[in-house]
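Here's a structure for you.
Letters A, B, C and D name the chains as they come in the text, with residue numbers starting at 1 for each one.
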Amino acid sequence: MRSIYGWILVIIVAAAISFYAQLFLNPYLQQILLYIAINVLLATSLNLVNGFCGQFSLGHAGFMAIGAYTSAMVSLHFQPFVGSLEILNFPIYAIIGGSASALAGFFVGIPSLRLRGDYLAIVTLGFGEIIRVVLLNLNVVGGARGLYGLPGKTDFLSCFHAFFWAGMTVLLLWRLVHSSFGRAFLSVREDSIAAECMGINTTRVKVMAFVISSFFAGAAGSLFAHATNSLNPASFQFVKSVDVVIMVVLGGMGSITGSLLGVVLVTILPEALRPLQNYTHIDLRMVIYSLVLILMMILKPSGLLGSREWNQLLWWRRKGAA
Amino acid sequence: MLLKLENVSIQFGGLKVIESMNTSIAQGELVGLIGPNGAGKTTAFNLISGIYSPTQGEIILEGRSLKGLKAFEVARQGVIRTFQNIRLFSTLSVLDNILVSMHQRCDYGLASVFLKLPKFFRAEKKFQEEAIKLLKLFKLDHLKDHEAGSLPYGVQRKIEIVRALAGKPKLLLLDEPAAGMNHSETDELMNLIERIRKEFNLAILLIEHDMKLVMGISHRLIVLDHGEIIAQGTPSEIQNNPKVIEAYLGVEETA
Amino acid sequence: MQLDLLNLLKRFCNCIFYFVRALLPVVLLSGCVKNCSPKQRESFQSSPEILIGHFASMTGGEASFGQSTDKGIRLAVDAQNVEGGIKGKKIVILTEDNQGKPEEAAAVVKKLITQDGVIALLGEVASTRSLAAAPTAQKYQIPMVSPSSTNPRVTQVGDYIFRVCFIDPFQGPVMARFASHFLKLKKVAILKDLKSDYSLGLADFFKSKFISLGGEIVSEQSFQTGDTDFKGQLTRIRAADPEAIFIPAYYTEVGLIARQVRQLGIKAILMGGDGWDSPKLYEIGKDAVEGAYFSNHYSSESPSEVTQKFIKDYMAKYKEEPDGLAASGYDAALILMDAMKRAKDLDPKEIQVQLAQTKSFVGATGTITINNERNASKEAFIVQVHQKTHKFITQLGAEN
Amino acid sequence: MEELVQHIINGLNLGAIYALIALGYTMVYGVLQLINFAHSEVYMVGAFAAYYGALRFNLVEHPGWSSFFVTLVIAMVACSILGLCIERFAYRPMRNAPRINNLITAIGVSLFLQFSGQLVFGADPKVFPEVLHDSVLFSFGEIQIRIFDVTILGVALVAMGFLNYFIHKTKTGMAIRAVSFSFRSATLMGINVNAIIMITFVLGSSLAGIGAVLVGLKYPKIDPLMGMLIGLKAFVAAVLGGIGNLTGAVVGGLMMGLLEEMVVAYISSTYRDALAFGLLIFILLVKPSGLFGQTRVEKV
């Protein structure tokens, strides 16, 4: 019985946000809201690998690119539902994009999970760059010229669809992390040798984390493709992976609520700083963004919420965690 | 015969750390593994638990060879260990530490996790109850929500044993459980080990330097020196075995 | 599992609190941003200033292109404001940076239109970012004039999208005709920039035209924006022994390429497109670029006094010589303002109509007529690099 | 056949520059186990320091070996100062924070230097002053050896020779190696670890300064984002050779330069960057700690 509450809540919240967006926000802020939903998928899924499973991946933009381009190619040639039912196409595209990049996650995961810490970060970084260079050279996906004319509008339904995905990702990852699999991820993060001696197949656990996280990254890519109606390899550079890692680390590694907070801050900070430009006449946004990042790392290394979740923060549900 | 080691040996580079070890452990038997520092006791543990694979020889558990099995497959066969320097999952709660070892028996898949099917709730409840029962046995259930890393040393040692027990082992490997404990704690630990051996019908292989504890509860002793077994037998036989004394205390200088 | 109503209720409101807590900052920010700059459409007539949006990459990889265009635009607008603006209203340029990212360009244009309430848009240098922003401008029917995006598809997005520069299908063949008729070349190699759609477009159209004129492309190599070493590609081109090398790229890379061409002892003539036009080309290339030809919107030596006035004003204001992008920005602003002057009132629809009727407007980059595909049909100048100046060679119009 | 020799010369040239910068990454990683992403920006600032220095002391008027060395010194001093500031203000407070935080700080510093560089130096590319004239030294057939090729290889070899001597033969060098083996025990042995780390940063950064001047001469275009691509490639070279190992960085750099040249020459120039990363992944999967790195077995 209790299992449906989660889904009802996701639908309610997605509908609430979409109503709010349609009524009060101008299209620019609706676009930012869409980017927030997309970043929620990216950050929570990366948190599964970096935060809960202790493996450090710097190639999340590569998975997003695979999902974006696969679903874009499908949506250009194959529209099952037409007319008013058109909105139903997008979940299909998102799932196709997600599965394609989950497959990529499997093939990247198997070899690279023998590596540890910095080396895994480097291999995933290399993977992300290779994807971008391959996309640049593939003329069938438009190469440097990019891919245009993708379906998708920024209306109520697509906003609802994006936030439904965001809510679903948070719900599913929340449940995953609070299950026996979640404990397996955390044990691999804490001490993989001890975990192995307790009967945990650490390689399978790490690959599972990689595959699930790249599925949601692929879905985020598909949402991104249909939110901006065009794709270009320039959007999936190394800086994009770094942005997602920053959201996870700022929010707090190993805390889904932290990632949500990280997403909202990192997406809104550059936009909120835009008006500053009229006073200083030079564009200080990115300088301030990188300064905030450095100061955060020095003052609060464990991130805003550390590894605490929202229920641990509330006084009446204080879980005895010291 | 639960576990049999047939001339097992291992060498790192040129260094022969374990030299053709031949021994066996029966069901429900408590065997002490003693020897001076650097004799290869912990390496023997690592061999049995599958972290290292032997360069020669065979390890057989209940007739099945463990050759080529990874550490987690060995653990799933029922050989679970504790560590010389505590390797608990320090930022997790005590309860979660115990539940981790039960993951190998987790029968629900991702679907039931994502949709929270009844199977998920039933299994979780069963695990929780099992874990709390184990903790009650060790009188640690009041600490179940505390962070494992922030608890006192002696308590962490016990939690590591409970975590090993949660994996339903047939053979429990204890690596210096009483290290750093005072007399009263050691005695209490002795009774506890004896109790769990009987209650869970376990075979236990115990590495320990505290002779009072080892001699007290071991049925049989294996003495290891420079990677070779120099003596096997009951505690009383071992106490006055000349080779053992020589290994520990060294030979008097003949004039 | 007996139904524990209290526990259920508590869990339910926890979830609500959980999501509201995560969304609080969004509500706060949007609320404040919404009411601190409420620009509604109808207030165009009443607002004291004319707002023109300029979206450009002021930071990131192509920052220098965005900044030159911005300087050109501001030069034209400031001059107009000195003469009392348009219809008695001062013109204000709102420049927003898109860091060279296509998705940022889309978001920034939405901000300029729906939040700042601009009545016209100028931008973007690169076609990828123009193509990302054009659908939004078309949807809100705000005229958008691109100073230098040469990809043909940009203006096909809709009737509100204009440009003041020629397009690849025009510039590529112009250079090909020049190479085969004027220079009588038969064997040409191509070195193009893989990461820039401007370079790919120009290279393809040049290649098809040159082959149709009986020429032969002996070798086609590519590099990526930001590369510094081209010896590998050039050694392969040297093996193909071409008479000339066509390098459709920006001056930032061409200077280095030219030096390495001469270092490897390749004597071939160097040819290029409007991306070469900058004083820095000779500074970096030195004598390696001496005698190279490239097609351009204008020649700094061209006798037209609008061009000379532009160069003089630019030098006075910014203390440096203008490059082609600054000239295109200048003209884009001039044409837009000219259309605004002719328009009945400052409604974007009116401006769009007037823009479409721009006929033989004399700008810094030559006489521009907006044709029915809303592209600029104008002559392409072929210039030759001679020390710091770009000597005028000839003018080639459309295929007659 | 002559083509091959020409490609090898280009490859060695490119490789020498990659090696110089890779040494900077390896030294800092050896001592702090930190991937110093900001190193590519130190290289960029070195190039601009040389640019402004050469203009300030109008070295451009009388180019030659003397003004070349003065530019080198200017660049090395500027880079060392910047390296020290980065270590002091960004990395020292993070000394005992988890590894990922160090990495994020390094990325933050790199982004900060890139964007403030665009503000301070201006985004438009500048022309590196020609403090040394380039001409063909000797050439036989199609192959040409130019002054710059020789200078680059020469200066790079001298710098590496000095570094090798310093690390292996001097007391401070031994202290640096000690710190790289084990941070804590080095402190217990009375080594002033902070001083050693500062020296490592000075050495690494000045190598980057040398690399910047050499690149500035050969490819006289500098802009605030010039560090990104060459920094990433040098970093890949350092990991290739075994991060933390000096010889590894040099061999990795030379290999990277040669392979890139060969791919462009004989396969296709479009896949040049993909090669660099493909090679990296292949080596790491086969030998996780790189060619010369030693695998650190985790003791149970």
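One rule holds for everything that comes next: a contact is a pair of C-beta atoms (placed from the backbone, for glycine too) under 8 Å apart; a residue touches a chain by one contact, two chains touch by 3 or more.
Keep in mind that what you see is a predicted model, and the values were worked out from it rather than measured.
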Pair with more cross-chain C-beta pairs in contact, given A-B and C-D: A-B
Maximum centroid distance from chain B, chain identifier (CA atoms): C
Centre distance in Å when chain B and chain D are each reduced to the mean of their C-alpha atoms: 50
Where chain A and chain B are represented by their mean Cα positions, the distance between them in whole Å: 42
Length of the line joining the C-alpha centres of chain B and chain C, rounded to whole Å: 71
Between chain C and chain D, centroid-to-centroid distance (C-alpha), Å: 35
Chain A residues counted as touching two or more neighbouring chains: 2, 6, 136-137, 193, 283, 286
In chain D, residues with contacts to at least two other chains: 115, 270, 273, 300
Multi-chain contact residues (two or more partners), chain C: 58-59, 194, 224
Chain D to chain A touching residues, read off their complex: 33, 35, 90, 93-94, 97-101, 103-105, 107-109, 111-112, 115-116, 119, 232, 236, 239, 243, 270-271, 273-274, 277-278, 280-281, 284-285, 288-289, 298, 300
Sites on chain B touched by chain A in the complex: 49, 51, 70-72, 75-76, 80-81, 83, 87-93, 96, 99-104, 106, 108, 110, 113-117, 120, 123-124, 127, 145-147, 150, 163-164, 167
Touching residues (chain side chain C, partner chain A) in the complex: 8, 11-12, 14-19, 21-23, 25-27, 29-31, 33-34, 58-59, 96-97, 99-103, 106-107, 110-111, 113-115, 127-128, 131-132, 135-136, 151, 153, 194-197, 200-201, 224
Residues on chain C engaged by chain D in the complex (per definition of touch): 58-61, 63-64, 67-68, 194, 221-224, 226-229, 231-233, 235-236, 238-239, 252-253, 255-256, 259, 263-265, 280, 283-284
Footprint of chain C on chain A - complex, ascending: 2, 5-6, 9, 13, 17, 20, 24-29, 31-33, 35-36, 136-137, 143-146, 148, 167, 224, 228-230, 232, 234-235, 257, 260-261, 264-265, 268, 271-272, 274, 277, 283, 285-286, 310-311, 314, 317
